[in-house]
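Same chain, two partners: chain A is paired with chain B first, then with chain C.
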Partner chain A sequence: MVDAVAKPPREPGSVKRFIERYPFLPALAIMLLLLALNGIWQPRSVSLVGITGLVKTYMALMLLAVAQTYVVYAGDIDLSAGAIVSLVNVVIVAAMAAMGDSGFSVIAAMAIGLGVGLACGLVNGVVVATFRLQAIVATFATSIFFTGLALWIMPVAGTPAPATFWRAYGGRILEIPFVFWAAAVLALILYLLARTRLALQLLAVGDDAQGAYQSGLPVTAIRMRGYALCGLFAALAAFCVTGDTASGDPLVGGKMTLFSVAAVVLGGSALAGGYGTVVGSVFGALIIGLINSLVYFVGTPSEWQNLVQGLAILVALMAGILVGRRARS
Partner chain B sequence: MAKLKISGARKAYGATMALSRGDLELQAGEVHVLIGSNGSGKSTLCKIVAGSVKPDSGDVVLDGKAVTVEGPRAAKALGIGIFYQELSLAARRTVEENICLPDLSMNGPFVDRTALSERAGRYIALFEGVAGEGFAADARVDALRADQRQLVEIMKALATEAPVLIFDEPTSALDRAQVDRFFEILRRLKTEGRAMVFISHRMDEIFAIGDRVTVLRDGRTVGSSRIADTSPQEVVRMMVGEEPSLAAAAPQASVANEAKRPLALSVSALAGPGFTDVAFDVRQGEILGLGGLHGQGQSAVLRALFGAAPVTAGSVTLDGAAYRPANPRAAIRAGLAYVSGDRGRDGVIHGRTILENVTPIHFLRNGLKLASPSALRAKATPAVDALKTKFAGFSHPIGSLSGGNQQKIVIARWLIDRPGVLLLDDPTKGIDLSAKADLFALVRKLAAEGMAIVLYSSEDAELLANSDRILVFNGGRIRRSLQGAERTRFNLYEAAYEAA
Partner chain C sequence: MSRLLDLARQPLLVALALIVVLLIVGELLSPGFASPTQIMRLLIVAALLGIVAAGQNLVILGGREGIDLSVGGVVSLSAIIAGNLMNGQDAGIPLAILGCIATGALFGLANGLGVTLLRIPPLVMTLGMLGVLQGLLVVIRQGIPSGRAAPGLSQFVTQPFLFGLPGIIWLWVAIGLLLAFLLSRTVYGYRVYAIGSNEQAARMAGVPVAAMRVSLFVLSGVFAAIAGICLLGYSGSSFANVGEQYMLPSIIAVVFGGTSLAGGKGGYTGTMAGAMMLTVLQGILTTVNIDESGRQMIFGATLLLLMLFYGRGRAMRA
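Right after this comes the complex of A and B.
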């Protein structure tokens, strides 16, 4: 009785405001649920080794989902994100092959890779923001162009990455797996980026581009910067792909594009723009990863795996939307 | 010396002349009222000053120096701030973020949240006590009421601290207390020497706060006068101009028969988003006009009756039977027809043939599943001919027609199976003069044959010439009903600007 009286009266709509402020909460809940399910079917999957493997494999998708989020913020989309991953992957593998296996060559190659990612992002920004082409079609076209470049640089998959590179990615620093360091640095960067003017401006443009223009915001430049940021993060994703696969493959990123879009939506961001969080997209990418491993752990026959994965992603999407809608009403 | 002087500003959108000769002389330390009827060019003139519309020609002189306002950014740099009538807010950002968005406080590379809250807080505090429940610095704009959003836009304009401030209908959704507070702020800014433009659709507000008034008519500045030297009647007279004060007489026969004809549509205490307490009767054969300034609830009422917008209260009787506007399908089955001026969105079925554009209502009302094109053509021909539609053949795509002829096709689709009530929502928007004449000739003929017609037009001349009776809307309510000899331009403007 005392408890019931002492409890402060629940402010109506407080859950709603909570979800509005943290739109990634449904994604977090779904992710934890999937993690638990993974643990039930395969206890080793929630061990340090299991989690390390998961993060190592899906770090690239997490980064690509983050990349996609920044353009989605502004109401745009980047269907060339995966192609940028492929292009950067073959560029850095080719560069390291040319410069030999050394720490310097790795760092130089990564600098080149970041430059290529940035350049690709700027190309997208120019065609979409400056030339005002439809984002979905224009970036589809540039994706073919970037893939073409990747195929020109490396016509067949299989050139190995130098051991320094993938050993570092799979290795440990101070007994802590490298990917966790990478995740910590990523978290810091995302935290800082969320506080920049650009993040707020991208969201304002995605909310109402006309209103943002009338407020005196440089809308074209803002959208362009969104694409540039996307290109940079796609390059980081390519580094992880290279570390994970230890080789160059001109088509490695293609199938990741729509997964990155799905991760953004799973994370609670609005595809129409103006609303979302990068953290949600990271959770979205992990949800996709956990679904894939769960499908494997429960022993789905290989010919059924795609079907079950697709259904599970659909269910996760619907669950996220339902939870969000229920909480908001 | 004038703070800001605009002369000969001109802006055309294709064939539509939005502003043909806009002049304005704004002094420091004054509230300058811009007034004019629908489409007279007030908003265009404001947007030219604010840089969001590029004029075709005209000069802007600021502090004695000729300037070109390249865009909203340039306007900001020149010290011009604006309140946009249609608002420029990011709905999913917070109040404080919106207020500071044009000019974010920075701390190195990061947004300085503390400074931002502090700065926004100063402007929020100006409206303390009148902003209403739920208004908070960290509330999202899409959670606010219409009046509260308008307050945010006001705060955003004030936060520019610009020497020239333009307010394009800032008070349309505000309540009395909020308006009073806003006027206090304007008076204080006046003593600081700011130059302000103020547009309102309430005559009492104009005379309460204005120092000078400039009148626009048909895209031209027709006069300017000190508020102290004029009167509301005088201002309305300037808006009306030299044209004959009495409207061209509408056919009086239907009015004479009014009492004998049965009621076709009866609406009582209807309310919904954008309108409240709307009540009227339309008899068979009557053309009822809805007048007033843009967006005072006329379209909202018509869309609600057609089931395309929600109704929250009230009742509707159609041909003596209760009718609930649930959705357009139900409305069409009940014998309502709706023609929107926004053909592209609400009328035309893009990329399909003319025949397909004429027949969808026929299919719905008769529950047709299959029909032979020749049978449909036979039905469609008289409907299309009634409007003197010019077209090469039924199988041509709708896009091959001019705007006026497209609208005729859209109207023709309602004529195959005659509806009881025809709702016309600004049906002549953007169509040529001869098509307008054909359209209104038909409307009158339909009325003579007994159809009840509710007409909203943003062109006052059309409304005056074609309605038997005019209901003047302001702020979502019917303010006055004009009939017979009362239907003059003067009365229409006076009622449209009447205090809410």
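Right after this comes the complex of A and C.
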């Protein structure tokens, strides 16, 4: 103990320092490795068409992982994220079905969808931050409620989305696939959000809620805003799900919740809060997508695919945490 | 008055009172809800959840954000393994029990080692393990039929055994007594609370923290496996992902029982009441004549309302 005080703090290695500054680097490395492996086994998967397909399918998970990241920043978690996706999905499909197939109806439905996502996020914020219920169980309870609402709006899956909507999602603007435009806009939004005070405040609350409170931060309001942001991004994820599946399904997002948590962890963010990046979560979602496609490309028999995917994700989760911790220790 | 308020802060009493209230509400909504046969049926269903929640409870008590999301997967896996090992024959029951418990212990061990040796957060470790279990279930389902429960097992779970109550309820009571004894009267129990409330202090006091934590995850796997066997007896044959319905409810039962998710505080008796409460609530919702959407909305809203009675975090103070 004594000599630890006497010695000057050891200079960490440059690699370590780099990872500490950019926590998503291990995720980026894993992602590039997986991309290369995908390319080796199926050269077409790294072509423009292949990448477009990957982004088109996993855009929703990327957005939901981003959504999850903002609550994880503050040390919270949202187990209702997938249920919000389902709810917004059926709301916008029902709204577009009611208003007819036109550009105006699509835009109006998306505005309604964002409102619903925001409202769900605020409900979560109220129960977790204002009522101070434990996030895991409280957001599980709200997820049941949101799923009930989704079932009330659309009892069975199958109502088609209007062609304007999914044609736009799968289409091209100026010869560039729409999803890349969406990804570019997303990148810009994330960049701007990362520069706001809110991102820093969420991280401060996650790092040390008591300390944040004592230094004058409105902790309850900040956590609430984290959930609101989560609801909004879950709504965006729902738009992508709707564009990809072209229909409404009251249970479509349920399975996505735990994958969004996994993506956040894969991206190098700490579930305990106070440390992480949204970019990492985007990479995390792509890692999950690339693992799934790689397992398929290497010719795993169909009944074994889920098991191999599960094992690969478990290994990636563990590797990510170990590398991240070594970098920070 | 303050004495009364103190009583209202006892989670076990709150849970028991809420069970009575819910039973009365159920009886009012549909006469016959609180009849002895119905209550026994509810007890059987509660026992299944309660046994899963026993392991969950131990892991949560052990602290360091202890949680086991893989219990649902172990329940499903155990049900399918038991169904195949006994395949409708009473003679196969002992082997099935052994096989299932070994499987549950193995997955619990893997979780425990990941959490202690590699220091992976329990939520992440068990989430990853859940994915592995779900994949494993797909593989098993392709290769072999789902298997059937032995008549002896079905009888144990559904037919009266002693004082008119089926064996599973006695098993649940036995587990409750065992855990109450273990947690309050043995060194092992003290150590669970010690590592749950202050791991550093426990380590300095000579508690083998890592071994303790691994043992809690192993027990969680074992309890989930036992619940899986009983679930097979309840439904006759196993079907895909039967266990999934237990993952988060097992955590809610623990919370309703007054155990703090932060660890080190609580016990299993409350969790038993919590499991019963959840089951009665679900029972009411399936009895009343509303469609699935309304049922889910009411269920979610009631859960939130009930949570207000429990473990709210402390308000921030400067």
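Odds and ends about this structure:
By definition in this document, the second predicted complex is superposed on the first by the 311 of 329 C-alpha atoms of A that agree within 3 Å, B and C clash if a C-alpha of one lies under 4 Å from a C-alpha of the other, contacts with A are read in each partner's own complex, and residues count from 1 in each chain.
Following the convention adopted for this analysis, a residue touches a chain if its C-beta (ideal position, glycine included) is under 8 Å from a C-beta of that chain, and two chains touch if they have at least 3 such contacts.
From a predicted model like this one, the values you see are computed outputs, not experimental measurements.
Partner contacting the larger number of chain A residues, of chain B and chain C: C. Contacts of A:Q214 after superposition: both chain B and chain C are touched. In the superposition on chain A, contact is made by A:M318 with chain C only, not with chain B.
In the superposed model, A:R172 lies in contact with neither chain B nor chain C.
In the superposed model, A:L151 lies in contact with chain C only, and not with chain B. Of the two partner chains placed by the overlay, only chain B lies in contact with A:L203; chain C stays clear of it.
Of the two partner chains, chain C is the only one that A:Q309 touches; chain B does not reach it.
Once the two complexes are laid over each other on the shared chain, residue contacts for A:G274 go to chain B alone; chain C is not touched. On chain A, the surface patch touched by chain B in one complex and by chain C in the other comprises residues 210, 213-214.
Considering their complex, residues 65, 67, 69, 114, 118-121, 123-125, 127-136, 138-139, 141-143, 248, 251-252, 255, 261, 291-301, 303-304, 307-308, 311-318 of chain C touch chain A. Against chain A, the residues of chain B that register as touching in their complex are 50, 52, 71-73, 75-76, 82, 84, 87-93, 97, 101-104, 106, 109-111, 113, 140, 156. By the touch criterion given at the top, residues 79, 127, 131-134, 136-138, 140-152, 155, 209-210, 213-214, 219-220, 258, 261-262, 265, 271-272, 303-311, 313-314, 317-318, 321-322, 325 of chain A touch chain C in their complex. Note for the complex: chain A touches chain B at residues 20, 192, 195-197, 200, 203-204, 207-208, 210-218, 274-275.
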